[in-house]
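Here it is, the structure in full.
Note that the chains are named A, B and C in the order they appear, and that numbering of residues resets to 1 at the start of each chain.
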Amino acid sequence: MRSFAQAMIMALILALTSALPARAGSTHVAVAANFMQTATTIAAAFKAATGHKAVLSFGASGGLFMQITQGAPYEILLSADQDWPRKAVEAGLALGETRFTYAIGALVLWSRDGRATLGDEALRAGDFRKIAIANPASAPYGQAALETLEALKLAAVLAPKIVQGASIAQTFQFAETGNAELAFVALSQVINRTDGGRWLVPQSLYKPLLQDAVLLNTGQANDAAGAFMAFLKSPPARALIQRQGYETGGAR
Amino acid sequence: MFGLSPDIWRPISLTLELASLTTVILLVVATPIAWWLARSQSWWSEIVASVVALPLVLPPTVLGFYLLVMLGPDGPGGAIASLWGARTLAFSFTGLVIGSVIYSLPFVVQPIRNAFAAMGDRPMEAAATLRASPWRAFWRVAVPLARPGFLTGAILGFAHTVGEFGLVLMIGGNIPGVTKVLSVAIFDFVETSRWPEAHALAAGMVVFSFVVILSMSFVEKRMGRLAS
Amino acid sequence: MSDAAISISLRDQRGAFALDASFEAPGRGVTAIYGPSGSGKTTVLRCIAGLHRAAEGHVAIKGDVWQDGASFRPVHLRPIGYVFQEASLFSHLNVRGNLLFGARAATGEPLLGFDEAVSLLGLAPLLDRAPLTLSGGERQRVAIGRALLSRPRLLLMDEPLSALDRAAREEILPFLEQLHERLSLPVLYVTHDMSEVERLADQIILMEKGRVIGAGPLAQMQSDPALPLMGARDAAVSLEGEVIAFDQSYGLATLEVAGGVFLVPALKAQVGERRRLRILAGDVSLALAAPMGSTIVNILPARVLDARQSGEHQMTAVLGLGEDGEGVHLLARVTRRSWEQLALAPGLAVHAQVKGAALTPRHTGQS
């Protein structure tokens, strides 16, 4: 009986480990909400390429930073801007030399009907009740939206019509359900959709949405974490990122 | 007000307004529902009870999402809003009231239903044998006897609305003075690291919750004494 | 239906219980609905009140139809007073509030004024009390007062004394007896306690398993051989008679009934008063000839009318008082041996020896 039990245990262990290549690990990545879809495809490619698993958590970059300061178990931060990763380094929670720009975001004005294609004309016409932006205090795309409106000298005029979504996903929901006629969202959210009208906001109107990644202290000793950071810079990952509507500048 | 800055007292007053209005509406809406549920023999009354209780179980974000669709131009909310020339009930105080009423409904229906049920059939029968029409019997006998249930329901409904967060986030749009209620304001302060304001408001909410719980046990004690 | 004052016909099925009860009752006095638990008495009362809707029913009071095949008048429109087994007072009102609850919406002639009701039921010291602070007996008195003040034309009482202890019951019975005398209100009184029937009822309706097995004047029903009352262990007859004399020195009242007179112990009795007399079957024995020098005070001529076997070795005879046997009926328990040895049989003239005749207690003290 004893040898039978031993054999069963051995078989169990073999079964569990044979599915994985040698030394396969996993890493926990905090991802800005706007990068959700892209990050998911990257994680799949990452798994196929290296056998390592990337566990993803999404949220507004500011919120994720808050959680990190409170000891959340993330090992990598993929932010929607450069500020939060820099703050993480300054707070001694991340490794400065690992910081790089993994994607450059594009701001888009979107509407459920076709009006957004008119771009700034639609904004100037003011023929709408509500325009949704992400909360500028915690979402960089929201900040970019405000910058755009200011550059167009429409910020004061349109202020009463602005409604804020807690995250970029929610902002999009407002427009998708028709509650807001227009919304400033990320290109990546609409790149694979054919419905609605869109206007790619000229880069000159807002500060570039450089999205930085940084390795957190918690991930320092984790091979899988390092592998993920490396994978992000690799050509296959870059191709995926660009396909989703981002630019990828060279690593800093 | 008390020398507090607007971004502190405006969410407070907005929240109190929302909670008060919601509670009053709920007392009116919940009472007939609670009465019917307490007295009904039909098999589908339990189905109705479950529907009413849904907000207890559904995550506020799920509720919020469906509300967003319902309040918008695709749903009945849009039709109602068009009566006064608006497109949607979302992003408005009215929309928040509607959402709060649905969200806090089970908290008001349940205690009132229990109070009516605890009364049993006899008081209404006795009232009927004393010439009281069903309407008169309801107001002169059932409502006074169920008073602790009304009190509990009002307290719970009020407190629950004050604590509402996920729902408001989904349909509110975070407009100061209109839909930026206390819970959202605290969230914002935390997100932007404005700790003193966050602490002040959060501490206030803790004190408030404590007062609510105290008054609930006081009401329950009184209810217990009356029943013995 | 005839033009009897209260005309009831009910048919209903609830689960395994089938109700099929029809009876008539007079428009005055107390009619008891008597039977064992589960016989349907309370259901009948609730149907008459309208609290339960019988599948088929006909309820008419003094010509006013409350229910028939085509219509059903709701409870609050029926001029009834209902006294439940547990007083069921409104706990959010004090005694005064309870008493006046039905008075406001009531229509028709008032039965009695507020002060009259209060004094009749001894409620004056209780008016500002809360129902929960009252004793069981006090609560029932308030419940009765509350029902009376709602101007009922029919009073329905559902075992009002069952939930009370002996003392409370004795406390209230006098009030009920007074009601009986003072108000000309028909009362339907449900009970499973024969002593209450004996004290209060003029008519009795016997129920068993959802059916009415007999209805009529009390004394008549008590001595009806076809009915189970006669065969009960404490079978008795309740006779009503007039006090024609009172001997204070011996504490004996002379009560005249049809067919004879009885001498009964009494603390106080007024000539001309009508009193009830209860005579247990077991207290009546028979003699072929009038015995001499017996300590039994009441020995009356009578005639055997009927007899039934009421046990393995026991007979119960129905006697008619008077030489001709035309007076009120008495029951007598006789051993089978004596019955056969004395060759007793219907038609025979005998002497009834009544040992322990008791006047039903009278409330003394309050007016």
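We adopt the following convention: a contact is a pair of C-beta atoms (placed from the backbone, for glycine too) under 8 Å apart; a residue touches a chain by one contact, two chains touch by 3 or more.
All values reported here derive from a predicted model rather than from experimental measurement.
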Partner chains that chain A and chain C have in common: B
Innermost chain, taking as reference the mean of every protein Cα atom displayed: B
Mean-CA-position distance for chain C and chain A (Å): 89
Averaged-CA centre spacing for the pair chain C and chain B, given as whole angstrom: 56
Chain A and chain B, separation of their C-alpha mean positions in angstrom: 36
Multi-partner residues of chain A (each touching 2 or more other chains): none
Of chain A, residues touching chain B in the complex: 60, 62-63, 66, 129-130, 132, 135, 137-138, 162-166, 170, 173-174, 177-181
Footprint of chain A on chain B - complex, ascending: 65, 68-69, 71-74, 78, 86-88, 90-91, 169-170, 173-175, 187-188, 190-193
Residues of chain B defined as touching chain C within the complex: 122-123, 125-134, 136-137, 140-141, 144-145, 147, 226, 228
Chain B contact footprint on chain C (complex, rising order): 49-51, 74-76, 80-82, 84, 86, 88, 90-92, 101-102, 105-107, 132, 146-147, 150
